[in-house]
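Dropping the structures in below, format is structure tokens.
Next, two complexes with chain A in common: one pairs it with chain B, the other with chain C.
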Partner chain A sequence: MESLKFHFTPVDAARPNAVNPHAQPTTDRPEAVAMLRDAFGDGVTGDETYAGETTVFVAKGRIAEALQRLHADGYSYLADLGGLDRFTEDDRYEVFYNVCDLHRGRRLRVKTRVDESDLHLPSATGVYRSANWFEREVFDMFGLVFDGHEDLRRMFMPEDFQYYPLRKEFPLLGIPGSLPLPGHLPGEDLSYDPFPAASSPTPKSFQEPEVSGE
Partner chain B sequence: MSEPHTLAAPADDLFTFWPRHQEALYARLESKHAWLEERHGLGDGRVHDALEHEMTLNIGPQHPATHGVLRAVVKLDGETIERCVIDIGYLHRGTEKLAEHKTYQEFMPYTDRMDYIAPYAYNVGWCLAVEKLAAIEVPERAQWIRMIGSELARLSSHMLWMGVGLMDAGAVSVFLWAFQAREDIYKIMDEIAGARFTVSHSRIGGVANDLTPEALRLIRDFVDRYPDIINGWRKLLTRNRIWMDRNVGIGVLTADEAIALGMRGPNLRGSGIAHDIRLFEPYLKYADVDFTIPTRTEGDSYARYLCRMEEMLESIAIIRQCLERIKPGPIRNDDGRKAVVSKDQAYYSMEGMIQDFMYTSEGVCPPRGAHTYAAIEAPKGELGFYLTSDGTGQPFRARINTPSFANLQGLEHLMEGAQMGDMVVLIGTVDPVLGDSDK
Partner chain C sequence: MADPLFEEGFLTTRLDYVVNWARSNSLMPMPMGLACCAIEMMAFAGPKYDVARFGSEAMRFSPRQADLMIVAGWVSYKMAHTIRRIWDQMADPKWVISMGACASTGGMHRCYGVVQGCDNFLPVDVYVPGCPPRPEAVLHALMDIQEKIRNDYSLAQDYTAGKIETLDRALVGAERPRIVAPDGNRIVTPDILYTQN
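What follows is the complex of A and B.
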């Protein structure tokens, strides 16, 4: 039976030219897109605008060069770098770079897409030193490998953890047995299950706990 | 993805948690390029003699001077920190993953738990990001209220920095004064939002409730009393010999280094870069009020101290202007599809109840494919939310760009070459909150 899908607000696609009351003049950067298109030709795979924010898509192999070019143009401050799992067949992962020009008040988002079959992409640490920890975070959360990064360890999770939590297929509750944790009582053995209550097949009791001392 | 490995049985005599993690951490410490060794090798008068002087020391994550669960593994050459590797993640709760499973409004209280020193600013940051994503307009009065709250959060955060920073340097009385002052801010927050610590006052499209006359009275009283009190603190500290000895020339960051390391907030402004999101991309009503961005060029720990102290006075000036300019009016967007309806409507009108029900279960649905980055100047620097929508009521991806994370990265650089005795001051001067950096 076809399930009825009801949306409170009709789902409409984002319109690039819609007026946004919160749009900032710093983020509308058509000239940066033109500059990158001139410099890289086919290396720039597209651009889009939503809420006055320009996003440039650059081919994976040329991302470090493109960032170098932007750095030379004044975008010398890396404000943000992160990953995104689009959960699509092709070009599944996306890495975004949010670069700022602090002196002229400009901000630009550069994106590159990474296919599941080859999780390697060039590191931006040669251009922006601060990309170091951000790339480690993306590696930790999505498993993307930044070639040329000198210290690609996990950022938040311990090295003993072998999954990539922000991938869409990773369950919200975690994977039982993925992290050893101390026992619940002193002297108890290591528990390999971080979520014993959530993943146990049967609860101990369906009754509410009895109130003691009455 | 590989199979989950089974851990080797720990040796009977020595048990290590997460052995691979420790191994990788110490291997990094050994392999790290140390610019200090290079400098010594170049023969600037000192001969580098590793014999008998080297020591590897593990500080944290439980050490009280690390302001939370920061762990630093340092390699010492005598008293000099030669290499430093910072290990964070001990407070990682997977906030970004949680956000993908909550409606936009449901996630807002989680932002309280990120920077728990200044929760109001984080609520506002999240709500502004969602409002930008879904193009929701906010009434003026709500914007003024949010500004007051954010500036109070900044004061609270800087006061905590000052208190614990001085306690680390040995002055316990300042810690007590700062907490007395923060108690006044907590009282105001209690009156504004009904909660002292995790306020959760901001709502998408406005704020939860209006300021009561008592709250306004408390804020006015605070604004009247505190410039003198803060100036008193400055009088004690700014020319204080011990405080200057501990801070002047310690942890120097040049402007270029600060930009390359991606430092934020007062850590950037202390190095002579007048970057503040309130000026760079004015949000709320910051374009309409008069304030300055305190900036110093020295780039040392003392310069960052001076910046933060001046910022506190600027915050009070901003709150004063907000109180002058705030006008009566609605405090939340009136559209039941964009903002949560008031309790009066939810309880006493049919439409209100339906809207409340729908807002709770489905909430705001930004257009499919929309993605925006909205940044605010949180007390510790630029806080950004990069949200991506797939047209449903839950974010497809919520990237949280936190200031403490970026600042801690710079701390690793600051520590190398510093004296061991300055380590505690350096952690204080960067002002990290681990709930913020670990997400």
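What follows is the complex of A and C.
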């Protein structure tokens, strides 16, 4: 009998000279990188082009100014903004901004990294109004605080929820006793998420097999 | 109806039949469309599957005018409080259909934000399996509810299980009246209504 094996998707390292057959010239933007480097010097911490798409890394203290500069240059539309947990020792969180120039057909990705010791970064709502709800979502899911956001409340989770669910250490099934449910009858006490409480004390996501070091 | 002559006599049981016939053929659904299942619920109401054949075409978005809640889609913990509140605003008698895998069990959303089955806070009458269930399955659930109503007691009292007057309000709260066993304040499950034809 064949023994079962658990297969993981291999992790792709970025290949510098990779060719993306679907890449469009709209996303390859060396001149935007040069423009930001001129304007901010050390504020631009790096750039990379992968599969024909340009990404600029900006120091988090200057991200609002950098976006302001790009906005003035014609990138007038913030298509997307999100966070991710890189789960590393330093610069644990990353926030990305996808900006578009609708008139000249250009796209650029800007990224900034936030360390766990200081979760504050400047808000982009002063530059792009569409950043409002995106930043609320990032705050809800990762606990990053956007300074200057006028209404930084939780987006999806109840406002008195105490955890940040998309951080890697948060168990998939939730934390027992953290989310109230209405009782069966009117006036009955709230019950507290019966499902994670009924499972074993170790969250299931901690019991899953891990990637072996390769 | 306090007179024993009327309690389980010819008049009240015939009247019961008429009331239940009217009630079961004019259910007004409250469409609690929460996710993708709501699309199939629209098909169920639309002209092809045509729920008007069963008298339920009048979807009411006001809980005061509805007596059948169709929970269609996954229920997040945040939404659960709203659903419960809408349910509490609906006038008695009222019924619930839990439509789809997500509303019944949490389905594939086996994660922190989704209630693992809306029966954690609602008294569900019919569960419909499927992801999403076909509109026929929802029609079948509606017919099950109709059958349940036709077998219910609305005016006549069910002496096989005890008198309704012995109902203890503190035990059942403001819920719809339940049958209480003769030996005290124990609520009898509705199965007894089906076993004693």
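Methods note: the second predicted complex is superposed on the first by the 176 of 214 C-alpha atoms of A that agree within 3 Å, B and C clash if a C-alpha of one lies under 4 Å from a C-alpha of the other, contacts with A are read in each partner's own complex, and residues count from 1 in each chain.
Methods note: a contact is a pair of C-beta atoms (placed from the backbone, for glycine too) under 8 Å apart; a residue touches a chain by one contact, two chains touch by 3 or more.
A quick note: this is a predicted structure, and the numbers were derived from the prediction, not measured.
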| item | value |
| --- | --- |
| Touched partner set for A:109, first chain B, second chain C, both or neither | first |
| Touched partner set for A:133, first chain B, second chain C, both or neither | first |
| First (chain B), second (chain C), both or neither touched by A:40 | neither |
| First, second, both or neither for A:20, with chain B first and chain C second | first |
| Chain B versus chain C as contact partner of A:173, first or second or both or neither | second |
| Partner chain(s) touched by A:165 [first = chain B, second = chain C, both, neither] | both |
| Partner chain(s) touched by A:82 [first = chain B, second = chain C, both, neither] | first |
| Touching both chain B and chain C, residues of chain A | 156-158, 165, 170, 172, 175, 180 |
| Contact set on chain B toward chain A in their complex | 1-2, 4-5, 7, 17-21, 23-25, 28, 32-33, 88-89, 92, 94, 96-98, 100-101, 128, 131-133, 135-137, 259-262, 273, 275, 280-281, 283, 337, 358-359, 362-375, 382, 384, 386, 388-389, 391-393, 397, 399, 401, 405-406, 408-410, 438-439 |
| Chain C contact footprint on chain A (complex, rising order) | 156-158, 165, 170-175, 179-188, 191, 193-196 |
| Partner chain A, residues of chain C touching it in the complex | 76-78, 80-81, 84-85, 88, 106, 110-113, 115-116, 120-121, 123, 172-175 |
| Parts of chain A lying in touch with chain B, wherever the complex brings them together | 7-9, 11-15, 18-24, 26-27, 50-51, 53, 55, 76-80, 82, 84-85, 96, 98, 100, 102, 105, 107, 109, 128-130, 132-133, 137, 141, 150-151, 153-160, 162-166, 170, 172, 175, 177-178, 180, 190, 192 |
